[in-house]
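All chains are identified by letter, namely A, B, C and D, in their written order; residue positions are counted from 1 within each chain.
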């Protein structure tokens, strides 16, 4: 309930109210806002540009495609870079406190989205550049901005946030187990069987306990295989924990949403979050799942 | 509660009531219906034919079996194709608006179930055909029609449908993470270690974050292995989300089903969905879990 | 609540009451019963013999150990076989309707536990025998009899039983997806990349969708890798279902157990299943989680 | 509620009250206590030393780093060993019953943390020592002591403890399935395909059923692949159980924590564990989730 309001506050916090007039006010509503028709259209067009840009980056990395249609991809890249640069400058221009935005998460992502291409303007032809340019893909994070349109994303984000301390305890426990089993396997199997150092053995332990199991390193001594079996059983008991945490949080927020949907006519609660009429007496229910009750 | 009724509506929607008389009415009840004895017998026989057809397709793809008993398999295939073709024509014949059915999900599946075999009548002997004929296996989707006989399937389908928005958010988040980690690993490991392009690195990231881990591509630099470890830990935190979502939805529908099973005599609720008598006062409970309450 | 009583019935069903006297009555209490001191001692000794027998079978299969201490293992095997044979005959002797037992699950397991060793008395020295003798390990199933001593096992078994229809729907859905994706990958990748037949491709699909991912077969064409990515995402959405089902059932039985533990003094419910005193008013709670309420 | 008190008892149990005076009393508060400022500072500094020590052990195992900066790492190791030895002696000195501590879990870990380095003082230069010294990493377990500062860790530990019997049943079931499928695959695939003994086949079965799937051993006969598919489906049904158990326990403890947070003004319950005001009438809620209600 309070969440969207807080978010609104957050968004407003880097705008001094004085800046909110004239063309900057209108530009602000389009560039940052989600309430006006133009604001929403801007968001949709930008998302399309981002998706295209990500696809261009991906295709450009395929050697065969780079050789065949490298020219088209380069032109597309330059058009998109120009667009994103203009957008970034516009964002800074309409804000009263542009630095605050520049240092925020999305401000940094917006900058990262244009830097690799701009850099390749100055430095050209080096091998390293292929790598740097692949980082353009980081602009895909901007898609996260769409989350504000999706109620379910907000609910899930809240559930994750509420369980952050438990998840931290889980990750700490995993790290301890990974270290210990990594060291033990380093001692037991040794460099001869691919466990060349503790960090490498820890990488193997992480890959194994998370049930990924590439098989690039695998225990080959009977004792190592026995310890691996023990480790998998312990690990499975522990790795099931985050699922349990989320399940509890999601069950809980679903219950709360339903308890709050109480029929005013008969007092019956426990309605589905999408129900419109009381399934007990047929009276209309208050709208929305965020309604007080 | 409303679900089965809606489903009935869906099914009726492509039949104009005028068509419902004489032999077409009776044929309709047998071919599409599930209420009459003949309708159920038709369904069972059809399912048997489908399962046999799927087995024939599978066995035919094994080189050794194809060489040894290819003749028998070919005869079986032709008999089954004739049967399914006849059934498809019959379905179109008894319907007042056959096109509507032809374009529906099951209509398309029914068509796909016969097309590959019919195609091989015209075009013969080419290599491609082996592939096309393997698609006959798609007729296995028709088994899904049986879902209407299984109450549990309907409940689970409803739970999945209710959580579709959350699952969408989850898949979108996974795609973003796969893209980002794919690009990073492409930069870090590079083509020399198997990460030949971003799409290929993304395939690796998907295989890794879903804890499949084939091992056909695996990080070999220490930095790549470190990033993989981080990625596995983050990924595990995220990949546990759908389980949490389902757990919450299933818990919720179980709770609701039990809350609705209230004893009329003493008011006690929370009975098991399969209980016949109130475990508080011993009075008989209203039948079925779809009873109003 | 009714469960243990039903179990008792089941156990008694293959005994006619007339048989229940004299030495057979006493022997029955020891061999089949769990209530007398002697009955429990018999169970414990038998379990020890089974565990030793399983260990002997395992160690005997290790070539190095078989070569070094094959003699000791063979003697141990014969002593254990004699013991289990005597036990099997005793079980049949004390029962009024021995055939009924012989055809039951545990009756068959008891027979399977001695057959391989007895067979090797008659047929000796053949290669096949090594395989047959390894099946002695099936007697480990008899450990399941211990389940009647463990309350948690009964609760979990009940939860699994209640969700059997949902699990059936889940497995059927998985089989359909495995067939379809197996056939598609057989068409896309083909025999050249290891997908030599539809059954083999289905084995790969099962290994992949269950997130095992051996890597013995892996997609190598870009299209195959793309389909694999889609398949993993769909598969992950579906494979999380059984966890959700169990979570719901376990949550439900925990809730019910707690709702039933209501304090008689103050009416407060929601006590932990192991609590002895009301956490609201301090009054003693009725014992056991199966207490009426 | 009772948990922290019991913990306090545990901690006090190896101290006779007579010892609690003068410098030993103050030293005790610093070394074992968590309530005084000095006690907390001591804990933090010790944790920093442990983390550094673990990092030194890891880096020392990397051959390249050992060659380049082995001197620095050796000095760091000796300083840390001196520190931990001094700490261990101090712990024994301030306690009235030092033997009791020396035999406790943390006492043993504290000893293990210094033994490998001290051993290498006496015995030098042997190959074995590299392995023994890697065991210094076991001192990472001391980080677990921090758990007393993290409420979430205590909650999760309690939930795990409550479900220990169910987890035991789960692990026993897994062991039985692993034995049986291991033996069957040993018979079906045999030594020729890598299943050289039952223990090795069981290692493979554990790796497969836990969905790790290294691929170092994989079934290669059609029958073996068919059994593997069955095994994966059964295994998946079973391996989802611990998640269900945790989900139920976590949901349950969350529910209980919320039920206990009842508003004194209006009686509304079901508040979030972190809420400060009643979301029904706005009155202040009693603090902390352990408040009686």
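Here is the rule we go by: a residue touches a chain if its C-beta (ideal position, glycine included) is under 8 Å from a C-beta of that chain, and two chains touch if they have at least 3 such contacts.
The chain lineup, named per UniProt: A, B, C, D = Ion transporter.
Predicted, not measured: the structure shown is a model, and the values here were computed from it.
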* To do: List every chain that touches both chain B (Ion transporter) and chain C (Ion transporter).
  => A, D
* **Of A-C and C-D, whichever chain pair has more C-beta contact pairs** => C-D
* Report same or different for the chain A (Ion transporter) and chain B (Ion transporter) interface, where same means the shared residue numbers exceed half of all residue numbers found there. => different
* Roughly how far is chain A (Ion transporter) from chain C (Ion transporter), going centre to centre by Cα mean, in whole Å? -> 41
* **Rounded Å distance between chain C (Ion transporter) and chain D (Ion transporter), as computed from the means of their C-alpha atoms** => 29
* To do: Specify, in ascending order, the residues of chain C (Ion transporter) that touch 2 or more different other chains.
  => 199, 202, 211-215, 243-245, 247-249, 251, 255
* To do: Please name which positions on chain A (Ion transporter) make contact with chain D (Ion transporter) in the complex.
  => 1, 162, 165-166, 168-170, 172, 176, 179-180, 182-184, 186-187, 190-191, 196-199, 202, 208, 211-215, 218, 220, 222, 225-226, 228-229, 232-233, 235-237, 240-241, 243-245, 247-249, 251-252, 255-256, 259, 293
* Structure fact -> chain C (Ion transporter) residues touching chain D (Ion transporter) in their complex are 54, 57-58, 61-63, 131-132, 134-135, 137-138, 140-141, 143-144, 147, 150-153, 155-156, 159, 167, 171, 174, 178, 199-200, 202-203, 206-207, 210-216, 239, 242-243, 245-251, 253-255, 258, 270, 272, 274, 279-280
* Asked: What residues of chain D (Ion transporter) sit close enough to touch chain B (Ion transporter) in their complex?
  -> 211-215, 243-244, 247, 251
